[in-house]
Amino acid sequence: MEQELTERQNRIVPGGRAMILAYDHGLEHGPRDFIANPLSSNLEYILDIAGRGGFTGIVLHAGLAEKYQSQIQSSGVPLILKLNGTSELYTEGDPYSPQLYSVEDALALGAAAVGYTAYSGSKYEAQMHREFAKIIREAHNKGLPVIGWMYPRGKSLFNEKSSSKTLKIAQEEQRKTGLAIDEAPSVVAYGARIGMELGADVVKIKYTGSQESFRRVVHSAFPTRVVMSGGPATNTDEEFLYRVRDILVAGAAGVAVGRNVWQRSDPLIICQQLHHIIFGD
Amino acid sequence: MEQELTERQNRIVPGGRAMILAYDHGLEHGPRDFIANPLSSNLEYILDIAGRGGFTGIVLHAGLAEKYQSQIQSSGVPLILKLNGTSELYTEGDPYSPQLYSVEDALALGAAAVGYTAYSGSKYEAQMHREFAKIIREAHNKGLPVIGWMYPRGKSLFNEKSSSKTLKIAQEEQRKTGLAIDEAPSVVAYGARIGMELGADVVKIKYTGSQESFRRVVHSAFPTRVVMSGGPATNTDEEFLYRVRDILVAGAAGVAVGRNVWQRSDPLIICQQLHHIIFGD
Amino acid sequence: MEQELTERQNRIVPGGRAMILAYDHGLEHGPRDFIANPLSSNLEYILDIAGRGGFTGIVLHAGLAEKYQSQIQSSGVPLILKLNGTSELYTEGDPYSPQLYSVEDALALGAAAVGYTAYSGSKYEAQMHREFAKIIREAHNKGLPVIGWMYPRGKSLFNEKSSSKTLKIAQEEQRKTGLAIDEAPSVVAYGARIGMELGADVVKIKYTGSQESFRRVVHSAFPTRVVMSGGPATNTDEEFLYRVRDILVAGAAGVAVGRNVWQRSDPLIICQQLHHIIFGD
Amino acid sequence: MEQELTERQNRIVPGGRAMILAYDHGLEHGPRDFIANPLSSNLEYILDIAGRGGFTGIVLHAGLAEKYQSQIQSSGVPLILKLNGTSELYTEGDPYSPQLYSVEDALALGAAAVGYTAYSGSKYEAQMHREFAKIIREAHNKGLPVIGWMYPRGKSLFNEKSSSKTLKIAQEEQRKTGLAIDEAPSVVAYGARIGMELGADVVKIKYTGSQESFRRVVHSAFPTRVVMSGGPATNTDEEFLYRVRDILVAGAAGVAVGRNVWQRSDPLIICQQLHHIIFGD
Amino acid sequence: MEQELTERQNRIVPGGRAMILAYDHGLEHGPRDFIANPLSSNLEYILDIAGRGGFTGIVLHAGLAEKYQSQIQSSGVPLILKLNGTSELYTEGDPYSPQLYSVEDALALGAAAVGYTAYSGSKYEAQMHREFAKIIREAHNKGLPVIGWMYPRGKSLFNEKSSSKTLKIAQEEQRKTGLAIDEAPSVVAYGARIGMELGADVVKIKYTGSQESFRRVVHSAFPTRVVMSGGPATNTDEEFLYRVRDILVAGAAGVAVGRNVWQRSDPLIICQQLHHIIFGD
C-alpha cells in the first residue's frame, strides 16, 4: 500500500507543490456562495475550471463525486473526497463536523485522497480527533493520503482565564496584530502540528498575517506539507496572489482555494496566475 | 448494482416525472389524520387509490410494508420504505427522527427505494446527516435509490443573531414574503442542496411560495430531482393543482402527496387531475 | 421463517384470542407486588396458575425463563420473553426502559414470542422506537412474533402548549372524561398505531374508559391485534370482567393480566371466568 | 456449557454454601484500605489467607488475576473476576461503575465466575442493567456463573416525593429502624430480586438489620443464592460473626467478605470461625 | 504471546530499570514547548538524543511514528506508541483524553509498547478506565506491554465535602506539605494502584515530594513498575537528578522525561548523568 500512497501523494502534491480546488461549499455554506457567479452552482462548470486551470485536486462531497464520477475521471483532476462536513443552518454551541463517508466509500468513488476538518479547541475536539486519527490509520493502510482542514475553533479560544499557555500567547499575538484568535500564529501552528502528530500528509490552514509567522507554522508541521486556505474572495486578484507568494516563500506547498477562483467572473485568469506562482511555469 | 439502481429510479421517476403517495402519517401524526376520511386508516383503501391513481411510488413504514407485502406487490405500485420517523407525542427541544430500519430491511421487504427525513438546522443535524449519508452509500451499493425529505427545522433557524449568512438572507425573505422561515427560498434551497451533496437521488421539499423562487431551488439541487411535499389538505383542489403546475414549470419532477389525496371524500378525482398535469395524459 | 412465525402467533393468539399472564413485576415494581399474596413471589406457583388457567402465554424476564426452563416447557404455556424492563427505584426525568436481552437470547431460552415496552412521548422515544423497530425486524426474520407494550408516557404529554394536535385533542378528551392523559383515547390509539406501524403483531394497551373509544383504538391498530393491559387489581372480579367483555366486543383479542390474577387469594376463580369470556367455553 | 456452569457453581457455592474473599478494594477505595494491615497490599499475603482460610472464591480485578495467574491456580481458590469497578476519586452525581473486562477475558484468565456491581436506582441504572444482563447471557452461554453486587444507590432513593411505592415503604422502614435507606429491607430485597430477574446465580447484598427482614430478602431472590456483603470492619469478631449466623438462619448461602478478614492483625482466626459457622465443621 | 510480552518488557525496562524519552508534547502542549530549543521541534534531533542518550524507549504519536518509521528502527530505541492524547486548546470542564489509535495500529507501526493517560477522578474516569482496561487486555493478548500515565485530575479532587476518604486524607497531606492535590501521596498512590489493578506493566506518575512518600506509592503499585514523570524543566540539572536518585532509592524503575532533556541547550549532558544514576554505569 505504501507504493500506492506515494503515487497518490505525487498526484496531489507533484514536486512538492499543490494547487487544490475546494468545492464543498454547497454543504458548508449553501447556495448563497453561488450567487456571485450562478454558473458556479454546477459541477460541470467547476470541473472545467479545475481541468483547464491545472489544479492538482478537487474537493467534493460524495453526492457530486458519485453523480459526476465519469466526468471527474475524464478531467484527469484527482478527486479529494471530503469525509466530513456541516451546514451553517445550525450554529449554536461549539462546532462539530460529523464524518459522513468512510475511507471505503472514498476508494469506491475513485478518490486519490480524503479530507477531514478538525475543530481543535472545540468542545467536540476529542470526538473529532478520534474520528480523524482513525481515518488516517485506515486511509494509509489502504494507500490513500489524507488532508486535514486544521481549524482550531470554539468558545474555549476566547476564554481569557484559560489555563492554556498557548492561548495566553495567542491572545497576546492577537492584541499586537489585530488578527482574529483563530488566525493567531500560535493557534494556527498548533492546529498544523496536531494534523502532523495525528498523521496527516497535508494540512490546510489559515493565513497568519505575515510571511515570518507562516514560516514558523510550516516549521511546526514539518514534515507534513502545508497549504493555505483560500478564504473569502478578496477585492483584487493581486491581494490574493500576494499572499500566495508569501506563504510559498515561507515554505508552504501551495493553496486550497475555492471562492477566490469560482466566484470571479473569469476564473481562468487567476488560475493561470496561481499556477505560474506555484509551479513557476 | 448500477443497472438495478437505474431500473429502480426509472420506476419511481419514469421519464423524469414522479407522483408519489405518502402514507407515513400513522407514525408522524397518528390516527387524527384519518378522522377526515375514516377509510384512510386502512392500507387496502390507500393501496387501491395508489394503484388506480397511477402513482409511481407509495411511502410506508415497515409494519404496513410487511403485513401487506403481497397486496403491495400485486398493486404494481413501487414501495418506498421510509427508514426513519418520529411521533408528534414528543415535541420538546429540537427535532430528531431516528433511523428505524436498515437498507437490508428495505430490500427484504421488496422496496424499490428508501426515504429518510433530515432536519438540517436542528441540534441533531450532525447525527441525522451522518445516518442519512451512510444510508445513501449503502443503498446505492445495493442498487436502491434514495429520497430525502429535506426539511430544515429547529430553534437555530429563528435565531436573529445567528452568524449564518443563509439565515440572514432567509429572515429577510421572510419579512418580504410572509412565508414561514422553513419555507423561505434560501432555506428550502439549502436543504435541497444538502440532499444532493450527500447523494440523494430525489429530494422532497416544501413549496416556496412562487414559481420563480422554486426554480432557484430546483437549480440548487441539480442534478438531483425535486418533488414538492403535498402538505396539509388545501381548501380546494384547484389551489393545490395550481401549485403543482407551478413547480413543474419551475423544473420539478413532481409531487409526493398524502393528505391532499386521501383526506378528500373522493380521492380519485384529484388523482386523475394530478396525473394529467404531471404526465400530460 | 414465515411458517414458524405463523405457528408461534397461533400459539399466543389461538383463533384470534389471547389470554396472557404477565409476570415481569419483580423487575418493574419489585417484591412489594407479592405482599398481597406471598405465594406469588415464586414462579412455580405462577406457572401452575398459567397452566391450569389456560393462559396462551406467560411474560417473564430472562432470569426466571432460564432457571425454570424445563418447568415452563412442561407446563405447555408459551414463553413470552420480555426484552426490556426498568425498576421503579429510579423515577426522575422521563421514562426509559433499556433492552436487556436479544432476540437470539429469546430463541435460546425457548421463547414463542418477545415483548418490548415503548414509552412513546418520552424524551427517550427515539431510542426506544429504534430499539423496538430493530427487534421486530430481527424477530420476524427469525420467526418470532413481537408484542408491544405501547404506553405513551412522559412530561411532554402534560405540556398544555404543545404543538402536537394529538395532544390538544387528548387534553380535551381528558377534560371531558376525567381519564388520565395516558388513558385518553387519542393517546392510546396513537400508541397502538405506532406499534402497528413499526411492525408489532400484538399491542398491549390501557383501557380507554368505554367500549366505543376502545373500538376506535382497535380500528387504528388494524391489522395488529390488541390486548388490554390488566393494570392494578380491581376491588371486585366483576369490575374487571366487565371491562374485558367491553374490549372484546370492541374488537380486542383479549387481555394481558398479572396482578388481577395472582394478587387474589384464589386466582383460579377469575381465570375460569376470563377464559370463559375470552374463548367462549 | 450447562455442565460446566454447574461444575463451576459447585466450586463457588459447594453444598449451597459460600465463603468468598473480596479483594477489589485497591480499585474501589485505593491504598487507604491497606493502612490498617500493610501486608494486605500484597496479593501473595491475601492468597495465603484465601487458601488457608478455606474460601470458596477470591474476587480480583484483571491486573492481579493476570500477574498472579499461576499462584492463584496453585492456591486452588476459584477466581471470581470482577468485571466492573470504579474509584472513589470521582464521587459527584449518581454512581456508575463501568464494565472493564469481558466474559472472554475472564475465561482467558482462568476465572470460575464473574462479578458485576449494579447500582439500581442510580441515574445510570439503565446502562448498568443492560451491561449486566448482557454479561449474564454471555457468561451462561460460556459456562460461567455470575455474581451480582446488588447495591441500590443514588439520589433517587432519597426523593421523598418519589412516585415509587417501594421507596415510600422503604422510607417508612427507615424511620422505624434507623437504617440507611440502602439497607432498608424493601430496597435490599428489590435489589436482590433484580439480580434474580436478570439471571444472576448469586447476589451479594447488604445486611438489613435483622434476621426476619433478611429472610424476606432471601425469599424475594429465590432461587438465586444470597451472600451478605462483609462491609467495613466491625469492632469485634463476635459482632460480625453474629450477623453471619443470622443471615444463614435466614436462608443465605454465606458471605463475601474483605476488610473484616484482611484488615485484622491475624486474619486466620476469624476465617476459622467463619468457616465453622458456614460449613459446620 | 507471553514470550513476546516478556521480551518487549525487557527492552523497555531492561534489568528492571527504565529511562524513557517522552515526546508527545506536540499534541499535548503544542509548538510552544519547542521555543526554548527550536531544534526540538524536529524528530530527527530528538531521535539522535534518544539513541546517543541510551534511552530505553521513545514516546510518540502515530504521525511521527509512521513518518520516521525507518529512522526509529535504525536508532534501536524501542517505540512506545501513545494511544491517546489531547490538546490544551480545549480546557473547559473535566479532562478527557480520547483513544486515537488501536493496539493493532501500534503493532503495524512497530511499537514495542503502548501508552495511555488515565485521568482517574475526572468526570470521564469511567470512559477512560474502560478504554484503558480494554487496551491492556488486547495489548497483552498480542504480546505488547502497556504503560499507564496515571494522573488523577478533575474538579472532584478539590471538593472539600467529598465523601471520598482518600480525598480527605489527601487534603490533609496537602495542608501539611503544600503540594498540589494531584501530587499528594495518597492521590498519586491511588492512581498508581489503579494502573496495577487494571493490568498496566508500568505506571508513570508524578513525584510526591519525598523519598518516603514515594516509597509508599511504589509499594501500592507492586508488582507493576513505577517511573517518575519528568515534568516541567527544572532550574538546574542537579535539582532534577536529585529527585531521580530519590525515587530510585524508593524502589522506582526510572523516569519518563521530556522537557527536562530536550529543552536544555545540550541535552546529552543530562542524559549521561541520568543514565549513570539509573543504570549505574
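By written order: A, B, C, D and E. Residues from 1 in each chain.
Basically, a residue touches a chain if its C-beta (ideal position, glycine included) is under 8 Å from a C-beta of that chain, and two chains touch if they have at least 3 such contacts.
What you see is a predicted model; the values in this text were computed from it and never measured.
Chemist: What whole-number Å value describes the gap between the mean CA coordinates of subunit C and subunit D?
Modeler: About 34 Å, centre to centre.
Chemist: Could you tell me the distance, in whole angstrom, between the mean C-alpha positions of subunit B and subunit D?
Modeler: Each chain's C-alpha centroid was found; their separation is 56 Å.
Chemist: Please output the residue numbers of subunit B that touch at least 2 other chains, ranges allowed.
Modeler: As it turns out, subunit B has no residue touching two or more other chains.
Chemist: Classify the inter-chain contact topology: is it line, ring, star, complete, or other?
Modeler: Ring.
Chemist: Follow the ring of contacts from subunit A in the direction of subunit E and write out the chains one by one.
Modeler: Order around the closed ring, subunit A first, subunit E second: A, E, D, C, B.
Chemist: Enumerate the contact residues on subunit A facing subunit E in the complex.
Modeler: Where subunit A meets subunit E, its residues are 120-123, 125-127, 129-130, 133-134, 136-137, 140-141, 152, 154-157, 159, 162-167, 169, 186-187, 189-190, 193-200, 216, 219-220, 222-224.
Chemist: Where on subunit C is subunit D touching in the complex?
Modeler: Result: residues 24, 26-27, 29-32, 34, 41-42, 61-64, 66-67, 85-92, 96-102, 105, 108 of subunit C touch subunit D.
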